[in-house]
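Take a look at the structures listed below.
Both complexes below contain chain A, partnered by chain B and then by chain C.
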Partner chain A sequence: MDPSKSTPPKETISLEVFRYQPEEEDESRMQRYEVPLHKDWVVLDALNYIKDQIDGTLSFRWSCRMGVCGSCGMMVNGEPKLSCAAFLRDYAPGPIRVEPLNYFPVIRDLVINMEDFLHKLGEVKAWLLPDEEKPVSEGEYRQSPAELARYKQFSMCINCMLCYAACPVYGHHPDFIGPAAIALAQRYNLDSRDGAADQRAEVIFSHEGIWECTFVGDCTRVCPKNVDPAGAIQQAKVEGTKDWFRSVLVPWGKKPS
Partner chain B sequence: MTSQKSKELIRPMPTTWWLGKKSYLLFMVRELTCVFVGAYALLLLVLVSSDQQTFASILKSPVSIVAHLVALPMVLYHSITWFNLTPKVMVLWRGEERVSPTLIAGSNYLVWLVVSIVVAGIAFLYG
Partner chain C sequence: MELLSHDILIVGGGGAGLRAAIAIGEENPQLSVGVVSKVYPMRSHTVSAEGGAAAVIKPNDSLEDHIYDTISGADWLADQDAVEVFVNEAPEEMIRLEHWGCPWSRDPDGSVAVRPFGGMKIERTWYAADKTGFHMLHSLFQTALKFNNLTRYDEHFATKLLVHDGRCQGVAALELRTGQIRAIAGMAVILCTGGAGRVFPFTTNAAIKTGDGMAMAYREGVPLKDMEFVQYHPTGLPGTGILITEASRGEGGILINKDGYRYLQDYALGEPLDVNDPQHPRKRTMELGPRDRLSQAFIQEHDKGNTTDGPYGHVVHLDVRHLGEKKIDKKIPFVRELCRNYAGIDPVSELIPVRPVVHYMMGGVHTNIEGETPLPGLLAAGECACVSINGANRLGSNSLTELLVFGARAARAAVRFARQAVDVDGPAVLRLAQQEQERIRQRYFQPQQGKDNIAKLRTELVWAMEAGVGIYRDERSLRQTADVIRELKERAGQLQLADHSLTFNTELTAALELEYLLDVSDTVVCGALARTESRGSHQRIDHDARDDERFLKHSLVYRTDGDPRVEYLDVVITRWPPGDRVYGSK
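Here is the complex of A and B:
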């Protein structure tokens, strides 16, 4: 990765990077940088090159560089992408437009405010809540491969928020619980060790939950982990509908949540 | 970070948001085709409430023929896009394996075909 260790390529590619520096300006602007077009470089490498060699004031988030941490999500030529997985060569001859994730407030440059998403993860209780906590001495909560298969796909989410940046519903209604949070709620609802589906129901089956979704399906298209949040939301709609019918048609059944 | 909160930049969504991206545009087309599905349902109501001669003369009019030529691709697009989305909604399990999405979408087409044959059969028998 260090350009001093290998011969820099003759070719370059330009990046048009979204800049917003709240202490200096009220508006955003695009700034053009020329970077070497290494065959094995991704957009994140180019941004690190800019920060190290050209302009130290550029801010962006990143961590693992291998598509696991979910920190480096950005809009690359208008598409939500993990910048560590977007190869420069695929965008040659360029220029490549790099912007912060759509629909989120921008703190500075490519850094967005993700507090809303983190709050929603808490609202849907995206963690394992067993029916009864048992002491460690009683051993593990056991699960069969078939039970694991039910939720495994939804458990691959890395909280990168690309699905939110792809969702026009979230763009119009920031109250929408959104793709990843609902997929993760489904992930725990479908887990045989979990017993808190009723606690999640109020948030998930509300208007701001699944019923705001109009099934654009772009969340699933952009997901780097093939989680299929659009599928998770539609499946939750089926569950919500069954839940409602049960509560209305079966008088001794549970009350609507 | 909290002290800078007021300075955060909100980027408003343009009204043309659905024009810039193919997937958004196709979504809007899918949503708009429902207008044709609804309009055709209304036309059917008008047809069944009229007597046999008016029924035939409405269908034979040039306006009706043009309307049908426009409505057919719209209704087909609507049906096909929704049929293709059923595997996202319907998840069936066979042990650890999910029933293939092609099979779930395919069964919709099969039912469509059977119903169409039955409707065509009734039309020919009593037409």
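Here is the complex of A and C:
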């Protein structure tokens, strides 16, 4: 939104923003900024105001400003939030503490390193692996609305990383595949066109992290898209347990792969 | 500096770039592919597309109808051979995406569902609720993960095409994490960098859409085509410019003025049907007219005093209440989410304030039907390119399909080029990248004289564009804007950065983006000044008729040391001679 076209409000609110510039300082610090308290401004608008009007050296990621690109996740007063969807008015009178997402290495200021997630997305084979490739000439796979509904919720993940920043298991065990990647694996496992659930299970259960997940459900609570990664993890675990019993106790009962 | 090399280099990791990358993997997995993107690919702006993607799939539809709708929607400025290729290849591209897992909404029998969009005779828009672009992009990105021949350069900001010996041989890209310039060579380079909606103040476009690829190509002497054609989407949220999808009208939403009157009936868009009439919404009429005509109707309605004044300027209202909560939640749930979160209203029970906002650049890097630009080794696809299938006004839901069809075509053409081309000149590419690094160091890491900051210049630019090159233009408004741009360029040349750090320096990237925005703005104004007619989205108050005799032609804007130079190229007309655009009769 363009600040020049709306009347600036009289009230202001302070933001305490996490700053870390690795070339210039050994440690992070908090920096305080005063911004106008527009009733329809979100935390991201305030950060852009700071960047444009007060301090050009503040770094953060953002792009769509409509809650779908997943770039602008941050800790806002200690909670993982999309900063484009966190209204200043909900935090008035402030101050609002803005920090990088928990549990991720910080590159600079509010910018985290999320390479680990991208690696895990590849590990769990988060893409469609049909039993048999269907030629394009044969047209689309048939999939009923009910079949679509089975996995649709898990396909809504925008990779914003809020669930990782809320996950105590990920905090202790960075190897844990984690909520979003498991939800996306489960998204394909449940797709009627897919046939590779067994391949994904190997990866998901390769780290004991999953057994430490006690379904506190913080990942689901903070998800801005109602994906319910905790539900996905629970489903995956139930399937995993069944498979384990099948393979150990009744090896001949193992699902054909 | 180390030289990184690939067979094919793709700049941009959105829909077109990822489709191109996958096409190469399918064509020949031995070829190494590099994808350079200034954001993680799933952050690309394709993600924000909502309503759907057009392709003929249902038995009641025909390729002929899709072709005609596209050409007439384009006000006959589209190349008809290109449109035919596009429409013919669209269905198989869409099916391919279905095979890669895209969660298309379905009919009860399990086939993909389609919905109507503006300017269409027959409903042919495939959709995934109203997050079609999001699902397409994530399906493409996740599918791309399985190709081992693909190297991603995520968060690498391309600053320059490396052209040596009359051929594009790579790019210089700023690695955001380290601040180092990387020299990345490619036997062929495909630009897939998207549009430039950020040259305007009210836009549906994400922050990253700053015309990077268009400007980089332009600087190397490649012409930009039809840049004067800028699409305003008729229904954006005021203030933020957030898109309220055309699907909301495809599902039956109506537009009303301050008196509750469906004003579109006064603008040659047909007669309104009652919202409870089973025939509503009727295709190619009223709310399902083309975007250019609806946006123009808004301005005229505003001039008559029939719009409502709000905190962010004048608006009309989009009414979807009659659809009911169940249908809204099923068909356009994202519209409800966006209205609640960003406009503080619930469309189930309230009217949505809307206004036209810049949405799409019909113009772009001049390419032929294979995606090749006039510069050997350089190709382009997606919104940054102009093939042209969109002419003077793009039809809603053609752009997502265009990413697929022309992303794949450009990839195949790049492979053909790479096969017959001699090796890149590694030392020359390195040298060019080193020069680019030095340019950036000199320009942005040395003290400068300027007193402006980036935001100030950017704000002045976008308001000058809205004032002079908006929905209606004339020579005076255009000349004024041209003067502003000239002045801003001078001031931008002396910008002083506060941030001299190498690590993730987003002030530096904003400055580089401002340079791109200024170049792109220049070409938009220049094309608009030269085209003394009105066609599609380009409406000249001082030349209000279409002039096929002089302007059934594409404009090509070339960079020179002084003002840009405009040339013209005939539109390819095959079977559909120019006619009147009729919406709403019959």
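As a convention for this text, the second predicted complex is superposed on the first by the 249 of 257 C-alpha atoms of A that agree within 3 Å, B and C clash if a C-alpha of one lies under 4 Å from a C-alpha of the other, contacts with A are read in each partner's own complex, and residues count from 1 in each chain.
Definition applied: a contact is a pair of C-beta atoms (placed from the backbone, for glycine too) under 8 Å apart; a residue touches a chain by one contact, two chains touch by 3 or more.
Computed from a predicted model, the values in this text were never measured in an experiment.
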Which of chain B and chain C A:D52 touches, first, second, both or neither: second
Max touched-residue count on chain A (chain B vs chain C) belongs to chain C
Touched partner set for A:Y188, first chain B, second chain C, both or neither: second
First, second, both or neither for A:C64, with chain B first and chain C second: second
Let me test your reading of the model: by the given contact rule, A:I107 touches which partner, first (chain B), second (chain C), both or neither? both
Identify the partner contact of A:A126: answer first if only chain B is touched, second if only chain C is, both if each is, neither if none is. second
Check whether A:P22 is in contact with chain B, with chain C, with both or with neither, and answer first, second, both or neither. both
Identify the partner contact of A:F176: answer first if only chain B is touched, second if only chain C is, both if each is, neither if none is. neither
Identify the partner contact of A:P145: answer first if only chain B is touched, second if only chain C is, both if each is, neither if none is. both
Kindly list the residues of chain A that each of chain B and chain C touches, one partner per complex. 22-23, 107, 113, 145
Taking the complex as given, what residues does chain B use to touch chain A? 1, 4, 7-11, 13, 17-18, 20-21, 23-24, 27, 31, 85, 88-91, 93, 95-98
Residue set of chain C touching chain A in the complex reads 39-40, 42-45, 47-48, 57, 92, 95-96, 98-101, 103-112, 131, 134-135, 138, 142-143, 145-146, 154, 177, 201, 206-208, 239-240, 242-243, 311-313, 334, 337-338, 341-342, 344, 453-455, 459, 463, 497-499, 501-507
If we count contacts the way the header does, which residues on chain A are in touch with chain C in the complex? 1-2, 4-6, 21-24, 40, 51-53, 55-57, 59-71, 85, 107-109, 111, 113-114, 118, 121-122, 125-128, 130, 133-134, 136-137, 139-145, 147-148, 151-152, 155-159, 184, 188, 191, 193-194
Would you mind writing out the residues of chain A in touch with chain B in their complex? 20, 22-23, 28, 78, 102-103, 105-107, 113, 145-146, 149-150, 168, 171-172, 214-218, 220-221, 228, 230-231, 234-235, 237-238
